[in-house]
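In what follows, subunit A forms one complex with subunit B and a second complex with subunit C.
After this line comes the complex of A and B, so read on.
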């Protein structure tokens, strides 16, 4: 059972790091998408949403090439003395951040859009500077959106499989997350261990969604 | 009228697939390239079509146990076919050794792997790739060799696992892993990079057996493919990929 606990811990660590990162990266992107009238809006919106429709294998394949020793990202990380990202925890963080991006940005964007212009204009007439408006008006009003985004981002990262399989290298305690460990167990006919993890994932996923729906009963 | 024509067409399609004799073959990933060649020859020479699926032997075993419709397994070991025969999932007495595999240490970088494999001891690399030893016999052989060399404990933190020998090859070919253990058959043809053929005394013989599975029991195409694999033409292909026979 010991290695499985390692996989569980690793998965939770990964999901936590990715969720925090995504809230920081996703908030400005979502804010911009919600407010901008720029022509670039559709372009950036489509870029962010891509992982929703792409097979994880596409992302895994390109990341492997881009982050590899001959890829542009690989060149940068190597010249910074970081080595290459595939087969490392950081590599999984990068991949998961991209992969879970729409699950965080879209709820945030919806929340920001739902605020509308009015509260922001009122704040402006009260001479609140834009940053102040953002932090004391927009953020509190968008709180449900943040909770939804965090839960979805976390849950989706926990549930990730294909990308990790392609760039992870199945290393205990570093890249062997729960979904990969389940796959290993099933392929090796270790059904008892697979049941523990798979059943756990099922319960976890249901609870997350249940929490999400109970939390948002008033949003139609 | 249109509908009648369409159903006639569909009927025709069903019949033609039923009469064209196909055999579903699960092929250990290390045997991918030679088997593609052999299957093409087989179709030309006999008219039967071999439909190939590639993967790790252990994965196939799990799938066969759970009712996968494969009719022949070309395993990367001899244990799996023996087990399948004993469990009644393989046809008694049908298995035979179609190739003896060779393990090779390979890097995509020229000059990286020396002719005696000393690079392993130097530890002068970030990642060393091998196939998941639980399901891939070549992965198990790699661990065995490293253990015999007394290097496994030191190298273990650098090991990355491919799901099967093909993904392992891909990790190394893209340079993401500096070097790793693959099957000689995977690298023998294009000769890129640098390699060391692991001495046979460092790992148990990789006897690769073929077996007819229960769904292929009375199928002429399955029998034909097994016979074809034993023939000189197939043997020449198998040898050309660096296997012993």
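After this line comes the complex of A and C, so read on.
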């Protein structure tokens, strides 16, 4: 049982770090996408959405090359004294952040777009500078979007498999997350252990989605 | 504040061009009046800095808020203005008190106090409610109070009653009149309703297809025969008069103005109070000699200033009662029979007068 608990702990840790990171990174991106009239909008939007359609192995493959000892990102991390990222927890965080990005950015973008121009104009006529308006009006009004984004980002990170396998491998307590562990159990014909974890994931995913749908009953 | 507001804006959209040059008095209510799509709201948004065209210029109370030739453009949040949107745009996540305090906290200048605004708009009893618990009229009153609480030097109102039904309009109008009479803040009021304009405005800028067609005192523009307001069944004159006294036994109130005195249905108000009186052109008939035995109470001497055809067989006559304009709609036949022409001295028989609420 012990290695399984390690995998669960690692999964939760990874999902938490990634969700927090994504809320910080995703908010400005979503805000920009929601408000810009720039021609870059379609380009950036498509980039962010790419993980939705890309096989995880493709993303994992390229990240492996980029972050590897001869890749440009690998060169940077090495010259900064950080070593190389693949097969480390940090590597998993970077990969998962990219992979889960659309699940955070898109709900936030929708929430920001739904606010519309008017409340922001009202705030400006009430002497609020733009940054103040963002924090005092846009953020509170987008709160449901943030909750959706956090839940989806967390749940999606918990559930990923392909990218983790490509970037993180299968190192116990360092990169072996639940989804990989289930795969290991099945490979080894340990169906009982696989059942525990798989059943747990099923329950978890259902509860998350159930929470999401009951939280937004009025969504039109 | 008395120095005029100077506003010039140019802004082009596909299929629409705004090109206005306005001089607006630094006091009282100025109506930007025009049909839907004439550009009046866009002009107002330009004043607020919410819309940015080219070669704009805006001066308020001697301060330059925008001069595109010199690269001056104060962003909206740095302009000392209050703005009331068409639909009340209260922040849904804040209760009424916090909505009111939102701008007050951020405006550095002291001016209108919370107590004053709350009392003026009669919203004390709803301070702790959330916006979605209020009626449309209440929400709009809060929005007006909120705009006042930033102590603006200029209050911009974009058809604040357009989204309200008739009953609610009646509920808001007295507050707007109070605001006009009690606070010395110049108001620019966008409207396409002649009724609202007649009730509230002192000055009018008539906007047509993105351009200023005419600008001047309300009483003048409403009765100018070359402008669209002085035509048709709803053409009217508005007269400012002071209550002189009452004839209680006849249930009448007497009001005086430069052109004479008028008897109104009894109003419960003190002598000296200024009232706005509306006289429809179709309620005014003309006679050459002062009638002696008639049921009509209000008969005033006037001089014919202008005559224009107004529909088949009809004429619109603009009269001056010692400088105060009045409209009369008569038939071509009557004019011929009486021999009425430009400069004729006549008596205006006013069948009905109404006090504007």
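Note that in this section the second predicted complex is superposed on the first by the 220 of 220 C-alpha atoms of A that agree within 3 Å, B and C clash if a C-alpha of one lies under 4 Å from a C-alpha of the other, contacts with A are read in each partner's own complex, and residues count from 1 in each chain.
Please note the rule applied: a residue touches a chain if its C-beta (ideal position, glycine included) is under 8 Å from a C-beta of that chain, and two chains touch if they have at least 3 such contacts.
Values in this document were obtained by computation on a predicted structure and should not be read as measured data.
**Student:** Let me test your reading of the model: by the given contact rule, A:125 touches which partner, first (subunit B), second (subunit C), both or neither?
**Tutor:** second
**Student:** So, A:189: does it touch subunit B (first), subunit C (second), both, or neither?
**Tutor:** In the superposed model, A:189 contacts subunit B only, not subunit C.
**Student:** Thinking of the overlay built on chain A, is A:68 touched by subunit B (first), by subunit C (second), by both, or by neither?
**Tutor:** After superposition on chain A, A:68 lies in contact with subunit B alone.
**Student:** Touching A:137 in the superposition: subunit B (first), subunit C (second), both, neither?
**Tutor:** second
**Student:** May I ask you to decide whether A:84 touches subunit B, subunit C, both, or neither, giving the answer as first, second, both or neither?
**Tutor:** first
**Student:** For A:169, select first, second, both or neither according to whether it touches subunit B, subunit C, the two together, or no partner.
**Tutor:** First partner only.
**Student:** Check subunit A for residues that touch subunit B in one structure and subunit C in the other, and list them.
**Tutor:** none
**Student:** Considering only the defined contacts, which subunit B positions touch subunit A in the complex?
**Tutor:** My answer: residues 56, 58-59, 61-62, 65, 126-127, 129, 132, 134-135, 159-163, 171, 174-177.
**Student:** Show which residues of subunit A lie in contact with subunit B when the two form their complex.
**Tutor:** Those in contact with subunit B are residues 64-65, 67-70, 83-84, 86-87, 165, 167, 169-171, 184, 186-189.
**Student:** Considering only the defined contacts, which subunit C positions touch subunit A in the complex?
**Tutor:** 48-50, 75-78, 81-83, 85, 89, 91-93, 102-103, 106-107, 146-147, 150
**Student:** If we count contacts the way the header does, which residues on subunit A are in touch with subunit C in the complex?
**Tutor:** 118-119, 121-130, 132, 136-137, 140-141, 143
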